[in-house]
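Several structures are given next for inspection.
In the two complexes below, chain A is the common chain; its partner is chain B in one and chain C in the other.
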Partner chain A sequence: MDDKEENRTVIEAEVPMGTVHPGALEPYRLRLFVEDEIVRDAEMTVGVNHRGVERIMEGLPVEKANSLTEKICGICSNIHIWNSCRVAEIALGIEIPERAIYIRIIMGELERLHSHLLYLAHGCEVLGHETFSMRLFYIRETVMDLLGMIGGNRVQYGSAVLGGVRPRCELDQTRIQKLTEGMDLIEEKLTAFADRFVSDPMVMSRITGVGVTSAEDALRLACSGPTLRATGVKSDLRTEMFEYDPFEFDVITHEDGDVKSQLLMRVFENFEAIKIIRQAIRDLPEGPITNRSWEMKDVPITKSYVEAPRGTLYHSYALEDGRVRNCVIRTPSMANIGAMQYSAIGHHITDAQLCIVQCDPCFTCTDRAIQIIKI
Partner chain B sequence: MDLIYSLIAVIGTLVVSFIVSLFLPGIERKFIHARIQQRVGPPITSPGIMAPIKFFFKQTITPESPMPRLYNALPLISLIIIVILLLFLIPEMYFLGALASIIAIVGLLKVEEIMYMFMGSLSKSVLSVRMPFPDLAKGAAHPETPRSFFEELSSLRAFRLIAFGSFPLYIALFVSVAMAGSIYLSDIIAYQQTHGPILFTVAGAMGAIVFFIGYMILLNEYPFSILKGKPDVVEGPYLEYAAKYRAYVYMTRGFLMFTLATLFATLFLGIAPNILNPSFIITLIVALIFPMLMAVMSAFSPIFTYKQFYPTVAGVSIIGVLAIVAAFL
Partner chain C sequence: MSLKSYSRGRAVHVMLVYTGGCNGCDIEIVNCILSPKFDAEQYKVFLTWNPREADVLVVTGPVTKHNEQPLREIYKAIPEPKAVVAAGACALMGGVYKNCYGDIPSEEIAGPVDKIIPVDAKVPGCAVRPQDIVAGLVSALPLLLNAD
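Up next is the complex of A and B:
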C-alpha cells in the first residue's frame, strides 16, 4: 500500500452538486465531502462550456479576432475586447487619442459597477435574501441603461477598436448629462442599500466569519482582483495601467477575508468606480476618438494584463500578415478557483455555495483549454 | 335536522377552507413578496390554483425511487392528514372525544412531519447523480466516499426538525392547555367563551409569538427553510414530484397554511371553524394574516443554517416554556 493509500481519510458522504444546480449561475461541478453537513473537502471542476475561442481566433484578421473576444463573457465583454485591442496596440505601437482612453475608462468602470452589482445580487440570492437581490438588480438596471446608451447593447457593449473607440461610443453633452445623473442615482441607492445591508443582524450573522481566506492563503492560492484585496492584500492592476494615471482613486482592501469582507469590499469599490467615472466626465478631453494612422506588421507574442472586474485578465497573441497567431486568454476566475475550494472547507453545506460565490466566479469565460486525463 | 346541520357545517367548512387555501400562496407572493420587491408578481390565482390545474394535465414521470408508487402517494397522504386535522377542529366533530384534543393534533402534525422524511429517503433525483465510474477528475482525494443525494440530506434535516425544530409549535399548543386545564378542544373553547380569548393574556401573547415561529418552521418558509433551499438541497423532498403529484404538493402546502391558522384561531381566540357561525369570518381573517406576516418576515430574511437555526429555536422554545409557566400562574 503506497503512502497516498495510507493517508486517505474516510469521509462520511459526498454531495455532488452540478453541473446544473439552481444555486449556481453557471454550469460547474462541485463535489463536497461532508461529515454531518460540514464540508471537509471540496473539489471543483469546470470544463462544461469550453468553446475554443483561442482556436477560432487563430488565423483571423486581428480586427475580427478582437471583436470575437467580446463574446467570451456576457458580464465583462468590454474588458475582453479592450485588452485584446491593447495587445495589438502595444505590439504595433499605436497611440490612442486621449479622449478614447477616457471613454474606455468610463466603459470599463461602468462594467465594473454592473459586474459588482450582479455579484452582490447573486450573493444575496445565495444567502436566500431575495429582496436584497431584487433591489440590487434594480440599481444595476441604471448601469445597464447607461451601457446600452453608449455601447448600443446591454450585453455586447464593447467600445474598443484598434486605435480608439467605436464612433457609436462618442460622448455628446446629452450622454454626459445622463451619465452624471446616473452616477448620482446609483450612489444614492447604493448608499441606502449598504446602510440597510450592514445593519441587518440576520444577514451579518450568515456572512461574518464564513469562508475565511487569509492573506497568506490567498497569495499561496494565486488569487487575484477583489478576491485577493478582500483578504487585505493591496493589489490592483489599475494602479499600474497607464490609462488610469490621470485618475485618483483608492484601492479598497478589507482585512477579514470572509464573505462579509468580499461583499462589502465590492460595495466600496463601486463607490470608487463612480468616483473615477465622475473624474473622466469632468476632465473628458476634446479631440478625435480613433487613431487610424498605423501600419500592420508582423510582431512576436505580446502580452497585456488589465484589471477586469473579477481580477487580472490576460490576453496574448502574435501577429502574422495581420492575422492572430498563438492566442492565449486567461480569465480571473481561473486564479480564484483555488480560493473557492479552500474557503468552503470547515463550513456548513449551505454556506458552500456562498463560499464559491464570494470569489465572483465566471466559469463560462474560464473554460479556455481542457486536458483529458486517461483513466 | 341536527344531523343535516352538522353535515352542512362539516362539508361546507372543509370546502370553503379548501377554496380559500388555494388563494393563500397567491396572496403571499402577489401582495407581499412582489410588493416588497417592487415587482409585478404573479396573478393571484397562479401559484395556488392555475399551477396545480396545469400540473394535473401534464405528463408525469416515474421518479428515481426504490418505491415510486409510495413516493408519489405521499403528498396525497399528507393532504388527507391535514384534512383530518381540520375536520377534528370543527365543533361538530368534538363528539369524537380524544381525537378532538391537543394530543391528536400533535400526533397528526408529527405524521405530517414524518412525511418529509419519507419523501426525502424515497427519492434519488438526477441532480445528485455522479459518474458510473470512479470519479478521478483533478485527482479526487476521496474516491470511495459514499454518495449522498440532496433528498437524503433533506430527509436527515426533516429528522432534526422532528427532533427539535418543531418544538416551538408544540409548546405553543400547550399554552392554551395550561390555561384551560384540559386537552380537549371543546373545553379550551368553552374556557375562552367564559374568560375571553387566551391571546389577550400575557401567556397567550407569548404563546402566539411562539406559535407563529413554529408555523413558519413547519411550513419550511424562509428563514427556516432548511428542508428546501436554493443554495444546497434545492426542492429537497419534493425534487422528483411531477405533474399531478406536484399539484398535490402545492395544494397540501396551501391547506396546511390555512389549517394551522385555523388551529391558532381555535386555541388562542376560542373561535372554532364553522361555516354556519358568523365568527368564521375571523378564522378567515387569521388565515389571511398569518401567510401575510410570514411573507413579510421571509422577504426580509436570509436562509438560516444550523448556526442561526439552533439558537432561534432554543430561544423561542424558552419563551414558549415561560408562556406555559405564566399560564399556570
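Up next is the complex of A and C:
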C-alpha cells in the first residue's frame, strides 16, 4: 500500500456495483478498478441505509431507548439491546442477578450460532453451492425455533431489560429440556456438515488462497472479531467481559486469513457457542431474573464494549433526568470494511463478492451517523 | 392463455429489495424461500435479483432517501403484469423510523412504500413471520395469473 504514493498509476477500467445490484444483497456502493480482470483497487461506500436510530434515542427515557437499539440490526439484535442496557447498568451501578446474566449469555450465544450459520449459508450461496446453503438454513431453523421459544419472536426477541431479563424469557424445565435437545441436534448436524464441507475438493479448491488478509494487515486495518481471529490474532472481548468469567471456552483462531479459514473458523466457533450454552444450562443458578431496586441519577457519558457475533460493538450515552443524551453506537462491520476492500485486491473480479462476503458484512448496522471533524 | 401466463403458472419469480430496513425481514424472506423448513421453492417460487425476470417485487424497509430513486427504477424495469408486496412494519408505515425527526420533515426516510410505488399486498410484523410472507405472496398471485 505504501508504494502506491510513489508509483501512482491511473486505472481506467472501473466496474461499479450498486447501490442496488443483483450480486449484493444489501444496498451499498462498490467500485472495482480492474486491469485484465484482476482487481487492482476497490472502494466501498456505505451510507445508503442511514436511518438515524441515535437521533430517535436522543431524549427518550432510557428503557424506551434500549428497546429501540435492537431495531439497528435484525441479525444481532440481542447484543445491541444487551450492550445498551449494559451502559446504563455500568453507569447507575445496577447489580444484575446471576440467573439473568446466564439467560443473557444463552441468548447471546444462540444469536452467535444463528448469525454464524447465516454467514456460512450466505457464503455457500455466493460460492454457488446452493445445497450447502439450504442445509445450513435448515440447521439455523433449529436455532430460530429456540430463540422464538424463549423470546416469543423469531428475530427481535429483546430479552434484556434494565436490571435483568424480561419475564417472558425465564427458562423453565421444559425450555431447558428443549434447549438441551436443540444443542445436541445442532452439534450432530453441524459436525456432519463440516465433514462434508472439508472433504469436498471442489469447494476447497475454490476457497483456498482467495481473499488473503495477513495478520499485520488485519491489525493495521483495525479489523475486529471473527475477521481478525481468522488471520491468526487471538482477540476476543468475551475473555475480558465479566459476564463470561465462569465459562470455559477456547478462542478459535486460524492462520491463513483466506476465505477457507474465515468459513471454517466460524464453524468451530459455533461448537464453542454450543459448549457455552451447555455450561450455562448445567450451572443455571436459581433466583430472581430482574433487579428492580435501583435509582435513576444523572451520569456522564459511559461506554461499554461487548463482543457481538461480528466483532466489537460499542455503545455510549449519558443520562440526564432519566433520558438518553449523546448516544454513540459503533458497529463491528464498520471496522471490517477495510479488510473487505483490501482482501479483494489482487484477485480475479469474480472473487470480489466472495472477498466481501467473507468479512461478514452487515451494512444496515454499519450506517451510523459519522461526523468527521477536521483537526 | 398467453405464453407469459402459461410460463408464470409454472414458476413465479420474486425479487427482494432492501430499502434500509434492519435485515430482519430480509433474512426471514430469504429464509422462507430457501430454507428447507418453509421451502417456497417447492411450489415453484424462486428468488431472483434481476428485475427483468421478476414477477413479484417484495419491498422491505422504510425506504431511505437514497433508495427512493432505485426503487422507482426497479419497479419500472419489472415487466407487466406485476405485483408488489410490502413486508414488515417499516415498509407498511415506517416502523420506529416513521416520525424519526418529530415535526421536522425527515431527512432520511422517504417511505413508507405505498407513497412511492403502488402496493398490492401488505404483510405485517416486526420482523415478518415466514408463514405470513407465504400468505402475502399467495394473495398477490391472482393479480398475475388472471391478468389476461
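Assume the second predicted complex is superposed on the first by the 360 of 375 C-alpha atoms of A that agree within 3 Å, B and C clash if a C-alpha of one lies under 4 Å from a C-alpha of the other, contacts with A are read in each partner's own complex, and residues count from 1 in each chain.
What we mean here is this: a residue touches a chain if its C-beta (ideal position, glycine included) is under 8 Å from a C-beta of that chain, and two chains touch if they have at least 3 such contacts.
Just so we're clear, the structure is a prediction, and the values are computed from it rather than from any experiment.
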Chain B and chain C placed together on chain A: clash or fit? clash
Who does A:Arg266 touch here: chain B (first), chain C (second), both, or neither?
neither
| query | Where does A:Val20 make contact in the superposed view: on chain B (first), on chain C (second), on both, or on neither? | reply | both
Is A:Tyr138 touching anything from chain B or chain C once the two structures are fitted on A? First, second, both or neither. both
| said: By the touch definition at the top of the document, which applies to A:Gly74: first (chain B), second (chain C), both, or neither? | reply: second
Problem set entry | First (chain B), second (chain C), both or neither touched by A:Val34 | first
Contacts of A:Glu43 with chain B and chain C, given as first, second, both or neither:
first
Could you tell me if A:Arg154 is touching chain B, chain C, both of them or neither one (first, second, both, neither)?
second
TODO: Please indicate which partner A:Arg166 is in contact with in the superposed arrangement: first for chain B, second for chain C, both, or neither.
DONE: neither
The intersection of the chain A residues contacting chain B with those contacting chain C is 20-23, 125, 130, 134-135, 138
The chain A residues in contact with chain C across the complex are 19-23, 25-27, 47-53, 55-56, 68, 71-75, 77, 118, 121, 125, 130, 133-135, 137-138, 140-141, 144, 153-156, 362, 364-365, 367
Chain B partner, complex, touching residues on chain A are 8-17, 20-23, 29, 31, 33-34, 37, 41, 43, 45, 124-131, 134-135, 138, 200, 202-203, 205-206, 348-354, 373, 375
In the complex, chain B touches chain A at residues 33, 36-39, 127-130, 133-138, 140-142, 145-148, 150, 153, 156, 222-223, 225-226, 229-232, 234, 299-308
Per the touch rule, the chain C residues reaching chain A in their complex are 17-28, 30-31, 34-37, 49-50, 61-62, 64, 66-67, 70, 74, 95-97, 100-101, 108-109, 126-127, 129
